[in-house]
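First subunit A sits with subunit B, and in the next complex the same chain sits with subunit C.
Showing the complex of A and B:
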């Protein structure tokens, strides 16, 4: 996750309380999604950004995970996401995401 | 409709600059600031390739036209451990230049006496450049001015804010700052801009060689790299285009710079094709040099995985666009896709705006395009860095859109990718892989009748500049020449064809007379 986004996530979590923030990712594959999820839960694994050593433990999901998909209006989802859903390895992403959540998420 | 602008040729060049990876790539320079004792920095020098290894690297051979994307796709992945035997530095489209020659070219392209080379190093480079077919004697003679020894150069770096230039880890030169206060003319910025200019110049020189165009016939040059040149009062004042045209000897050209991050080349080509189609200019060149900042950009992942640093090349390309000649591939300036302000950032909307909206306007389907050339990044570089196979991801999105539109069967996605896609080979220098690497190979295929239609797609991450959250993109279709344009006005008037037509008519007339 780039440094500017790390800073924004950190500020939003501080302003609103980490228990009130859920991060939704759109990463194109499992490893990248997992790294971004790790960054907003356990801290920046590259130790380069504002979230280095900061364990926010935020709720974090990928837009293609059923928990989020079910919350979205079906027409909007079809218009905005369905094409990418066809392209992505959703199972891989979902398993990566749930593994990170189980390990590091503090607000399930 | 006829008289579309045509692509008369394209050149592609690389300069293999391992020392610049260490000293100028931002991944490395950032690490030096935040974590100077890091394992990565210690380990990195062991992962740099030799010049010969970089020449034998198959994706580089594809870039300069000695191999095709199809041939690369047939090689088992990964590619970095499968060198091409008897690989040549010179290719159909350009050349792979070693670092020392490139430092010489840097000085040739510097008209403000900012580049200083150590005298013995310079003499060695001169000897090598004399054998370089596109570098003239006058250019080589510019290096005569180097009288400084290594002590003087060391002093320039240590005491006068100059940027060091290394070759094989030895200090061999420096780029001086162009102003003592102005950050936009600092030695760092001057080096970046001179590298961009020099790599663009090298591609222009090769464009002249591969197309045989008379340099005096070029009317206009558009540069589409991602650098900015100017001073503190006009940071992006610009005109890399004219600066490079000057060195390349395009005496009758002026030019301008077009920017749009990685989408720059697509915008520039559209402008060039439109200028030619409108008759404003007959011959326009689109050109871009590479950038030092992105050298070794994914180096951390490559080193971690025990791979060589594959981002060790400063790339450049140039494309010659001119009036319809009835032969070369035509740029369909009436089938143009664009990502508009209102398009939004959902991938679905992005791909529709770039691929299908323009096709819909002329009643074409996705499957009517033989080949798509989107972001042609080399997956050997991006996959180990977690960014996946970028071209393949693009083809998948195009195919998925085709499925949604009912033009492709869902089960046919992989076949579509195989048939209409390409294996990526281009260096990851932003604008360099953006659609344009295919133009050289595409022209060959269209002239041979193997490919009839192609779509070139450029996409740009505008949000990186923090002026907008928007993304950008532009696309256009290229087709094998429809032979309808060679009869219109002076645009592409083909004298020999007309002569042969007249000859045929005369022969028929004479035969008619004899039969009477």
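Showing the complex of A and C:
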């Protein structure tokens, strides 16, 4: 994850309380989604950014996961997301995301 | 329990996946407050 984005995520979690913050990802692949999810839960796995060693444990989901899709207005989802969803491996992304949540998420 | 309703949402979109503004439109409909939205590029 961009270093600047890591900094913002850290600030937002500190300002609002980590239990009130949810991160939604739009990554194109399971691996990238998993890395970003790990960054905002267990800390930056590359130890390069402001979240290195910082275990925020934030709730984190991909926009295409069924848990999120179910909460969003279906027409808006169709208009904004469904075209790209067709080319994403949603099963792979969802399995990466739930694995990270089970291991590191503190606020479910 | 709702995941998004009443929460502060941070969006990390992806230029090659789903961009930030598209995610933003969606999560707003679920009652979430978008506090930060960005679109990353992994290239």
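Observations, loosely collected:
By our rule, the second predicted complex is superposed on the first by the 108 of 108 C-alpha atoms of A that agree within 3 Å, B and C clash if a C-alpha of one lies under 4 Å from a C-alpha of the other, contacts with A are read in each partner's own complex, and residues count from 1 in each chain.
Simple rule for what comes next: a contact is a pair of C-beta atoms (placed from the backbone, for glycine too) under 8 Å apart; a residue touches a chain by one contact, two chains touch by 3 or more.
What you are looking at is a predicted structure, and each value in this text was computed from that prediction instead of being measured.
Of the two partner chains placed by the overlay, neither subunit B nor subunit C lies in contact with A:56. When both complexes are overlaid on chain A, the residue A:105 reaches neither subunit B nor subunit C. In the superposed model, A:28 lies in contact with both subunit B and subunit C. By the touch criterion stated above, A:97 is placed in contact with neither subunit B nor subunit C.
Between subunit B and subunit C, the partner in contact with more residues of subunit A is C.
Once chain A of one complex is fitted onto chain A of the other, the partner contacts of A:42 are absent, as it touches neither subunit B nor subunit C.
Of the two partner chains placed by the overlay, only subunit C lies in contact with A:64; subunit B stays clear of it. Contact with both subunit B and subunit C is seen for A:80 once the two complexes are overlaid on the shared chain. When the two structures are aligned on the shared chain, A:16 is found in touch with subunit C, with no touch to subunit B. After overlaying the two complexes on the shared chain, residue contacts for A:1 are found with subunit C alone; subunit B is out of touch. Taken together, the two complexes place residues 28-29, 32, 79-81, 84 of subunit A in contact with subunit B and also with subunit C.
Residue ranges on subunit C touching subunit A, taken from their complex, read 2-5, 7-14, 16-20, 22-23, 25-27, 29-30, 32, 35-36, 38-40, 42. Subunit A makes touch with subunit B in their complex at residues 28-29, 31-32, 35, 46-48, 79-84, 86-87.
By the touch rule above, subunit B contacts subunit A in their complex via residues 30, 34-35, 300, 346-349, 351, 386-388, 393, 396-397, 400-401, 403-404, 410, 413. On the side of subunit A, the complex with subunit C involves touching residues 1-2, 5, 8-9, 12, 16, 20-29, 32, 36, 40, 58-59, 61, 63-64, 67-68, 71-73, 76-77, 79-81, 84-85, 88.
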